[in-house]
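Structure in structure tokens, see below.
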Amino acid sequence: MDNTSIKRKRGLRFYLRIYFKIISQDIKSKMSYRADFITTFFGMIALNLSGFIAFWVIFKNFPQINGWDYREMLFLYAFSLIALVPAEFFFDNNWNLQQAIVTGDFIKYCFKPLNIFFYYMSEVFGIRGLGQLVFGVGTLIYAWVGLALPVSFLIIVKLLIALFSASLFMIALRNLSAATCFWIINGLHVMNITNKFRDYARYPITIFGGVFRVIFTFVIPIAFMAYYPSLELLDTKQPVFLTYLTPIYGIIFFWLSYKVWMKGAMNYSGTGS
Amino acid sequence: MKKYLALIRSGMVEALVYRTSFVLKIVGNLIYIIIIYYLWKAIFQSSGTGTVAGMTFPQTMVYLVLASSLFAVMEVYLVWGTHNAMQSGQIVSQLIKPVGYRAYNYCPFFGAMIMDFIITFIPTFILVYFLSGGYFDLGINLLWFIISIIIAVNISLSIDYFVSCIVLYTQSVWGLNIVKETIVMLFGGAAIPLAFFPEPLKTIVSYMPFQAIYNAPMMQLLGEAAPQKRLGMLLVQLLWAVVVYAASELFWRRAVKVVTVNGG
Amino acid sequence: MPIVEFKNVSKHFKVLNRREGLVGGLKDLFSRDYKTVKAVDGVSFSVEAGEIVGYLGPNGAGKSTTIKMMTGVLLPTSGDISVSGRVPYKDRTKTAANIGVVFGQRSQLWWSLPLIESFKILRDIYDISQEDYAKQLALYESLVDLEPLYSKPVREMSLGQRTLCDILAAFLHNPAVVFLDEPTIGLDVAMKAKIRELIHTLNRVNNTTIILTTHDIGDVDALCRRIVIIDKGVMIYDDSAENLSKFFGQYRTLKIKTDDEITYESVTITRNEEWVEIVTKEDEMPVMEILQALQKSHKISDIRIEEITTEEIIKKIYAGDGR
């Protein structure tokens, strides 16, 4: 037996192969806990339905917000739901980080010949994202048809790029807020707070004035989670410079969140017992 | 009585240990206030009229900020706690405590809530009072408000208790907890004032126990009503408190057999 | 060439001196007051391939810091470390590919997956060839009754089964070094024996080096020829298990049966029901001398003299009166 080293280089393919193996096993085992699966299903419906009811109640009273009518707002809403899906699917284990750190179980992720961030995230597939995906796609189609937006190959590509870029912000925000667990005892609170903010990504950033618009654009970048990328897709709206910056800033923000998370992981394993 | 006080005290002390969580709650509250301020300002500005569904912009703001602050105070992790106690088997040692499972869990929550109320709710309350330019009265309505909150806390805990019973059967928690949370938040009136709800949803919601948790105390604080009407509202709340308490207690007695029979 | 080598390795942590209260907390935000903790201080030792070394020390002695440095999780403040020819902290993942780690209390297997699926994932992670994988599983099956465990998710296993599987998982890729951190903690006597036997066999089959930390002297007696003891970050012993008693002096226990209250200069005396136990270092204060002295002033109905056990020696070392 070769005892000395890994023979092949650990490229993207290696990680993808491992990833799909672990994830498919996780989904399989999730399915086998029926009660859990069923209640999760109802939870997804309740979560999304209550969001819609709240949205509907507001628009029953107010026909438009800041020049955005019901259908355009619905588009933003649907967009933000879909953009959240990757964070829910693939980065859900962030929610367990505080627990893993408090109990000391986190150290186990440091001993495998794998990237720690990758190994940690690969362990859980967040099935709850399915609810957002179904509701989001359904609503997007409804809004798309209602707004009589054109459909072409180019537009679909644009939509996918926009969704992908927006999802990077969703993921990055979750990574960053979870990473606080490495330094403070109550990182879960930070996660809950940022999770709540994220719900407001479905409103146009123009409602915020002055300094807060800057904050919600660059510091807690909820403006990129639906508003800026959507401007390009909606016929009635004009894209701005920041719309085209979304993919680049998204990548930078994601990379930053990864670095902070890793720094936290190293910091933790250095001091924890 | 002494042991209950000791448990309440333990909750208060424990709440103070996690000082960072208070700071975070306050910061979170502040950012939340900013967001909903801008959002509802835009909403009201876009509508063109000063009053929608009988509520003005400042009224809506005060309502939402205080309701969400109350939500943060009343939020407890009883459902998750029961689930974890069940998984780890600690539930057995909690069941044999001389104070009963409900009291054993409630008392520390009460303690934590008292601390939360003092440290997060009262400053928010004062801030909102001055920011809104003394929008609401600070008179006898405060007394009604406080009594109403105390009843609301009990309803909220009983609902948590009820859901915890279901968890004993299903042994799964996320879905159930989120169903409970969204229903309480939406139909309790913590997300949007119930006044905005269109008919017939509004009428339906008014016959549910959830409105007694956030909407009722807020109406006691902000509404202008005769004492008889206030008393009426309080009695409805009280009725719900008794009903939900009884329902959860009866359910618990059945559900706990899952633990005693299966051995946790 | 040694498989694990520590040359004058130190690890110092800067720890924040937290101030009391809210005002103190605010002060900490602006001016920080650090103190240095020497978790590991100038430790040198080397382990040859195939050895089983017991790495002992009281809680907080620096054991886990040492293991973290060996596995590359932690950067040493000074000194050189090499594990199977590599510098762990310079290339954590490559080092990790050649070591295995087991923590007695926490499983490293995938909690909700059946054991065999965990093994398959490990096969991919460590890039084990199909042939080697099959060979290793065949070996495992010849050692323990693994068949019924294959389809069982780890979270449904008993602690004993889980520990067993964790150990097998750590050896699956045939690593050069395996670190076992309290492998028998919380297990019953029969399971402990089973685990020890398994470790012993796995050590011999592929000549795998094992570094073992434990608080259970049974593990040491059953497995370790060599013991390294660390206390407060400093290495205080590195030799064979047999030499331990020689090194720390010829301790003996004198047990006497008496109703009287016994006091005697500069020896530890404990009363255990009707027996009074006196532990003494033979070359400083011979047992016979004590006995003679006590006989003059007390009525003694029975005596026994016992050699000290490894456990008692280590207890004395931890308590700080060994040196």
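The letters A, B and C name the chains in turn, as written, and every chain counts its residues from 1.
The working rule: a residue touches a chain if its C-beta (ideal position, glycine included) is under 8 Å from a C-beta of that chain, and two chains touch if they have at least 3 such contacts.
Remember, predicted model here, so these are calculated numbers, not experimental data.
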Chain closest to the assembly centre - both centres taken as Cα means: A
Label of the chain whose CA centroid is most distant from the centroid of chain C: B
Whole-Å separation of chain centres (CA-atom averages), chain A against chain C: 43
Inter-chain centre distance, chain A versus chain B - centres from mean C-alpha coordinates, in Å: 28
For chain B paired with chain C, centre-to-centre distance based on mean C-alpha positions, whole Å: 50
Residues of chain C engaged with two or more neighbouring chains: none
Residues within chain B bordering two or more other chains: none
Residues of chain A touching chain C in the complex: 1-8, 10, 17-18, 21-22, 25-26, 29-30, 103-105, 107-108, 110-115, 123, 269-271, 273
In the complex, chain C residues that touch chain A: 13, 60, 64, 68, 71, 73-75, 84-85, 92-94, 96-99, 101, 103, 106-108, 110, 112-113, 117, 120-121, 124-127, 129, 132, 135, 153, 174-176, 206
Chain B partner contacts - residues on chain A that touch it in the complex: 33, 35-36, 38-44, 46-47, 49-50, 53-54, 57-58, 60-67, 128, 184-186, 189-190, 192-193, 196-197, 200, 203, 206-209, 212, 220
Residues of chain B touching chain A in the complex: 18, 20-21, 24-25, 27-28, 31-32, 34-35, 38-39, 41-47, 52-53, 169-179, 182-183, 185-186, 191-192, 196-198, 201
